[in-house]
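You will see two complexes here that share subunit A, one where it goes with subunit B and one where it goes with subunit C.
Moving on to the complex of A and B:
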């Protein structure tokens, strides 16, 4: 790449950087898009939990009644309440806060056993750790996100006709159409692509770029974080020093007013924990659901006296600089704005996936003829890229829907069933790669797309056959299955398109032989 | 327009050098830039920390682009070399402590 113009060098960087990290980026974007509905997918994966439409207050009372009978002497109770997005009511005792715990039927308060499952959280975890050890995964995803940012900016540079391309789509013209689709999806949602990539990096900003921590805090990240949270930490330390020895049994303050008060101050409530329950010195900490506002407020809470019900600590506000970072992180997490916003993020995410996929496909289509005329080594390289494209795009999609099928089909009593679901995910992905390496490129695309479409279309049938409930009793489940069917139909259409092209692209002698066969039969 | 297959060994070496400069040199530059900015901003340390770190991803992006856009390898080096004086500003107190 000597003596090239600026545009040419940017085009080179966009092409090769985009190709080498595009496979990984597609996986990150697709699982991230699915993670927009992680709680809903999680609900689908635990059909034993009945849909709940009652009030949080009633559910809370049932949880407290349950804990009072079963764990009257526990040092603390934790309760996760059902929300707009989830019917899960779970309780636990002791320090453990997240995950696990005993699921309760929110309408009756009876304990229920749901199947062991990886849950919708799998897509969320895969999105930022790739199912690797946490720190390693976060760094690899960070590198991919940087590559995305570079690809976006270099992509803008090579698009001088950015405004014109906005209105250009020439369908059914082979190579041109793929490039148009890539450009249109890229340009149309450019603000979204930039925003989601940049804010993704901002979430772990001190981990990726510790320079300022090293310079100003001598590398002590904990000190920096304590300083950032300022007030909250000081209060927490003061509280730790003043622990009253628990004494006589005292009934809990009425929880209804506490819930109402917390909701007024922080927005919808996600759960609460009670220290020294039903004793003097009881203390209730109420947590909001993540994201009642754009700001991402992890670890935000409000404390009440568990006996009198008085407010002990109001939720603390972030300082402006921290608020900036948290709003950016919140823009990435998309927990604000309710379902309309969630659908918008989902659609935009799907367009991002489409942009990456069409970019990958365009790389191959543009070079197909050129590589065919070159050395065997470059033909082999081209073939490998084509196979990896297929495995990365359709193979991964197969793995995602495969996880949902595994959730219904694996035997209930299988030990570590959740781990097995994840294993099925990776086995399906590996099978997709093997198939992509084995089959001729276009045929491989058609076959995998058809399979993917059928798995999507068949999901409601599978669900109906393996669970006792009908889908329309639970709106979340109904929406999920309808969306799957819609995607299946779209994929079937796409498969047909590719199949028509595959028929045209078949080498002439074989086509002639086939025609001969047809004539004889 | 894009030259997808490098024609010669020297082209490969050029690409390898630029890639290393982009990834490692670019990070070094960004790191030093962020440290210097955090040191120079007339804000409380907490605020300087965030204000200096948030734009660092854009700085890194520009540094990566520079490594590939520079007319020659020598020019591509400039960005990475700028890290030294910037680091000097960012870690000035630590350096004085070490010396004095």
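Moving on to the complex of A and C:
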């Protein structure tokens, strides 16, 4: 092998590592960016739930009234309250489950049946499991994240003029422009790229780096987690002890003050569960919404006596080591700083997607001329890369918007409707791949981009046609649809640009062949 | 919260314009003439000053814990928007903060 300079080997690493994992990384980044607004997308996917602007306290009272009538003897009640981001009020009894439960109309307290849907949570789950079995998915995403770190570092090394080209973007110059766009989006958002990739890895630290835990706790993960959390153990013990035989009926303490107190201690409340409701020994556990501080406060809660309303257990603070991990996880989940921060993360995530996409495109453009003169095998390889680029970038985007279309178009009574939505997602993606294999050229890009733009632009119309609600009754839905229209417009502009280029850059041999054909016909 | 937040974004953008115009090549691209060394230095200083102001605004809007995170995002996106606008509408992109920042501060003073 020829001896290479350090920069050259870094360039090789950046090129091939970036290409092979870029397809996967684009999928992870795009779904992750969409997951920034998972609750909002979820709300859009359940149009039966009316928008709620009233107070949490009123909604809570309605939920308790409903449970008191329907399930007076249940051992425990769980209530998820509507929040700033979601109008869902849901109740369930018995063991606490994630999601599920009976949806209630938060303004009337009547039960409502919403359509079965994969929900906005699909993007969130796909982001870190790729819809595969959980552990396998997390490992693959972890490998991709490591590759992302490698690509970022090697990208810095091979960038010749980081500061000189800091503000440089030269459009309309073919290969140069794609590289400029890739560099600008990479360098200017480098803090974000590094932060989001690194914190993404830290979330599953126990899974990726189990050696220390295995050595210290002989592989007992639960023991390690309990030790880290400290307070959680006592909490679990208390919960186990709380299973008492049913006792005399005693009314619940007034919930208003409890809610206020919990909010003062932990920030906005997401839900609560009540053990032994309306009996002596009732115990109310209040959970905050995930993080309103940077620290990701999963599993945090505060307990109240259900009869007297006195505080039984204040929320515990994290130990420094766990706090570090939680702050990092929190930085990744962006559950703090309200909507402005959410939009900031969304925009930065979109730029990340753009950086990956422009990198993939640049790979092909740079080599297009070179491969055209090489052996049939390398031409075939190049064609395959072009196809996969198209399928990974536009095809996946089509699948994402296709999921939203499926949510409105699939028949309501379809059994396992939620699964079918996911199936549509993968069918659209596969169709995108088939189309890309068939037309791996600029024409193929134009066609898929136009379709994507139309699907984005058409979303409000579809929603208007299939649901009774007009979009402006619910600001969250309105924002989602406006954003979709804006993206559709931007994509249409991009498609036009690519179409113009496709008209100019029709490959020479093909044009000759076409001329020949014309002559013969 | 919106007032200091938008101010933070505008400051970030203005700061990036300052840093950008403090570079000889970018200045020539917009104004077709050489900047004097003094002007270059003044532009760069103004740029850093505005970035600092942006940091203060972000901390004002979000608090000490979250503000710095938001600030990083704001200056990154501001620089990206500037780099994207420069080849299309260079003069507007560069002059905009000169008018935009005082205007917003005025709005802030009136409303806030």
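The rule is short, and it goes like this: the second predicted complex is superposed on the first by the 494 of 521 C-alpha atoms of A that agree within 3 Å, B and C clash if a C-alpha of one lies under 4 Å from a C-alpha of the other, contacts with A are read in each partner's own complex, and residues count from 1 in each chain.
Just so we're on the same page, a residue touches a chain if its C-beta (ideal position, glycine included) is under 8 Å from a C-beta of that chain, and two chains touch if they have at least 3 such contacts.
It should be emphasised that the depicted structure is a prediction, and the values quoted were computed from it without experimental measurement.
In the superposed model, B is the one of subunit B and subunit C that contacts more residues of subunit A.
Shared-chain residue A:80: touches no atom of subunit B or subunit C. When both complexes are overlaid on chain A, the residue A:345 reaches subunit C alone and has no touch with subunit B. In the superposition on chain A, contact of A:378 is made with subunit B only, not with subunit C. In the superposed model, A:150 makes contact with subunit B only, not with subunit C. Look at A:31: by the touch rule set out above, it reaches neither subunit B nor subunit C. By the touch criterion stated above, A:184 is placed in contact with subunit C alone, subunit B being left untouched. Contacts from subunit C toward subunit A in the complex involve residues 1-2, 5, 16, 19-20, 23, 25-26, 61-62, 65-66, 69-70, 72-74, 76-77, 79-80, 82-84, 86-88.
In the complex of the two chains, the subunit A residues touching subunit C come out as 164, 166-171, 184-185, 188-192, 195, 293-294, 331, 336-338, 340-341, 344-345, 347-348, 351. Residues 1-2, 4, 6-13, 15-16, 146, 149-150, 153-154, 198, 201-202, 205-206, 208-209, 211-218, 224, 227-228, 230, 319-322, 324-325, 328, 367, 370, 374, 378 of subunit A are the ones touching subunit B in the complex. Contact residues on subunit B toward subunit A in their complex (touch as defined above): 1-6, 11, 14-15, 18, 30-39, 43, 45-54, 56-58, 60-61, 64-65, 68-69, 90-91, 94.
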